[in-house]
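Listed after this line are the structures, all set down as structure tokens.
Paired with chain B in one complex and with chain C in the other, chain A is shared by the two complexes that follow.
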Partner chain A sequence: PGRIWVKTPQLIQFIRQEVRRRDPMSSEEDLKASVTARAAKVSSMLSGDKGAALRTALADPPVTSKSAETKALNAVAVGDVITACGDGEIEAIIEGLSDTERDVLMKYLYKILGDVGQCDKSGQLLKWHSKLLKKTGMGAVVRSMTDRKTV
Partner chain B sequence: SRMSAATNFHQLSEQGISAHAWNGDRSMIAICPNSNEVHIYSGCSNPDPSTWTRTHVLAEHDLLVSGIDWSPVTNKLVTCSHDRNAFVWTFQDNEWKPSLVILRINRAAIDVKWSPDGSKFAVASAAKSVPVCHYEESNDWWISKMIKKHKSTVLEVAWHPNNQLLLTGCSDFKCRIFSAFVEECEDQLPDGAGPYGATQPFGELLGEFDQARGWVESVAWSPSGARLAFAGHDSSLTVVNFQGSQAEAHTNRFNLLPLSSIMFANEDTIIGGGHEFNPAVFTADNSGSFVFQRSLDTKSSAPAPAAASTGGFANARAMFQSKTTRGQAKNDASDSLWTKHENVITQVTSRDAPGAANVTQIATTGLDGRIVLWRL
Partner chain C sequence: RNLRRFLSDTMANTLRPYLNCIRHTLTAALCLRNFPSQVVERHNKPEVEMGGSKELLLNPITIARNESEKCMIEASVNSVRISVRIKQADEIEEILCHKFTRFLMQRAEQFIILRRKPVEGFDISFLITNTHTETMWKHKLVDFVITFMEEIDKEISQMKISVNARARIVAQEYMRQYVR
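== the complex of A and B ==
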């Protein structure tokens, strides 16, 4: 929650210009670089705290990117954490996520489930899905369908 | 068992109810039973809807009647339809007479609302515009002025209590506030009369909110007009509080399925009905954001009747049938449809006096054709 300016048409135009001028992540190369760095960091965390690894992987997904490869790269990072976790750890890890992170996780579960090339992971993903659904309810599923900014 | 807040319900139509509106004293209701007709029932002060009698049928439209509103001030009905028309109905000589409305839209009309003083009405249309119509005495018709600036179908409109600000929810994922000041109907307001100060010219875009990540299906003002709320199809409810010229927005992305229709019961309570088939109550917490408090419909805790044991073969057969049709081994009674509504709730309205600051009686209608009356 935060204070917002009443968006008159002039203010909307001003905001758009400012965002284009200031946003350091607006270029595809920057997004790809940050995703690659994150994937490397997540791999290094997999031997330690898997919950923290998942939170790192889910933070700031590249939704503004127009490149399918960048998005796939981030999905691989998330998928690696999911397959690295044992069945007993799933509930505790989901418990430690914030509401926004759970929404993003739901989106990634559907994305990876929808990828035919990764169908060997589907058993694990479905276990995660049922446990996450218990926590978030149907709202997160609806949001993964309606949100135009896809992960 | 804990009593459900539903006081009564009735199957008014077999095909669903696309719109409904109460008259000023809530003794009559106009509904559209998902057809091109409008049915008016009287005797609605009686809490049992099965006693209500149908007194009039209005059949001027050619396609589905998508919106009905009844002004408590002038007692006129306005109906709008997918046939791109709207009619204003006046009760004379014991029958409802339609008046011509020049809407000037080339797509379906989705929703219609009278302004608080009954002098004009706004229509949400699929032509990406909102015609605001007022009466022209010289030609005996209702003529429209267009509010454009939408990028897609406008799904719902809501008037501010000051009669000049119009809130619109659009399927381009945005909620907008416009000035709908019509000089033929009213005087200009001084500064401080509402969230945006003095009267702005007709059609001016005063604010745009993009917190919803899905269609903005329903919009509403609080009774005082100091708050507005809109429900998005991404299962979100955003409330904007106005303090002077500042606006503060809080978005709640909740766990339920999306809401289709919301209304303020009072300044701090929002009732929403939607795809859960169960009206949900959201209340304000200290920080000004609205959180889910409870659902109005509750399952009665009476135990399900024990299934008669009819022998091993029948049981085994039932188990396999259940596995193929429902995906689970036993026929659990708790999975059956227990809510009063058996399909999506499409409209939530107040049954208390118009403009009441605290609403305790509401009615909901939905695609199942039922009307359910609730007491909060």
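== the complex of A and C ==
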């Protein structure tokens, strides 16, 4: 009683419209815009609280994006924060991150370590890697290898 | 000689974190289990080499220390491929590295986990499958790969020193006939 049967193509069209309406960030341009905005915000925060800058950079990574440039842009933002931090601050900053943020950070560390063009940062990144690993354990490493949602 | 020892100490300081990172990544990647081929019945192939089914492959991880030294770890459900690019500063080291790795790869059967051909862009590759992790200790396999990476740099620089020393002696002996 009270069931409405809608023809299938119309139903699919309705669902698509609803998804587009409810989730406006799913398009490429939107993702790119949010990443550029975030990169600008992060570079302005670099002179102040580095922990907050890192949390902003790690928030909501463009995992659904199919564009390599968008992902590279976000990686540059994260990389900037990492190189801007001194050695003594690393542990404190990692303490302040949540578990999901630490996972995302591990993914970004591997992404930037893998980029031969940015190998001058490798010393810093390896320091971050060992300290982050001490905090998260092997789980973060396994998740960065197995998660299909690459950063 | 003191300068060389100083340089090797400073090199070791930057090498340690690089090797530690590779050690931990490798320990995470070496979780392998038997997985018969989904394509051909009764066959069991290392999925990282077949590269067919995406759901069986993990994200490859590259750890680059600088332009000339990097390590790529590609894992799958039943096998892991580790490719290493060894530091080659000049032509002599390039030739020595090429000859040395060729010598090792021709004897790949003796090494069990060595691959006969390196992956494109790298100097030497290892292939570790679930059969290896079943018969050998995982932490020892990781130790082997890390020690290998450490030792190969030392071996190549030693070979280069001995080549240079021999060349100097030969040149001296040859030039002696012209000096009076």
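What to note about this one:
By our rule, the second predicted complex is superposed on the first by the 130 of 151 C-alpha atoms of A that agree within 3 Å, B and C clash if a C-alpha of one lies under 4 Å from a C-alpha of the other, contacts with A are read in each partner's own complex, and residues count from 1 in each chain.
The definition used in the following text is that contacts are C-beta pairs under 8 Å (C-beta built on N, C-alpha and C of every residue); 3 or more make two chains touch, one makes a residue touch a chain.
Note that the structure is a prediction, hence the values are computed from the model and not measured.
Contacts of A:D99 after superposition: chain B is touched, whereas chain C is not reached.
When the shared chain is aligned, chain C comes close enough to touch A:G123, but chain B does not. Look at A:T146: by the touch rule set out above, it reaches both chain B and chain C.
After overlaying the two complexes on the shared chain, residue contacts for A:G114 are found with chain C alone; chain B is out of touch.
In the superposition on chain A, A:M138 contacts both chain B and chain C. In the superposition on chain A, A:P9 makes contact with chain B only, while chain C stays out of contact range.
The interface of chain A with chain B overlaps its interface with chain C at residues 138, 142, 146-147. Only residues 173, 196, 205-209, 213-215, 232-236, 245-251, 253-258, 287-289 of chain B touch chain A when the two sit together in their complex.
In the complex of the two chains, the chain A residues touching chain B come out as 1-9, 12, 99, 103, 136-140, 142-143, 146-149.
Residues 14, 17-18, 20-21, 24-25, 27-29, 31, 58-59, 61-67, 70, 75 of chain C touch chain A in their complex.
The touching residues of chain A, counted against chain C in their complex, run 110, 113-116, 119-120, 122-123, 126-127, 129-130, 133, 138, 141-142, 144-147, 150.
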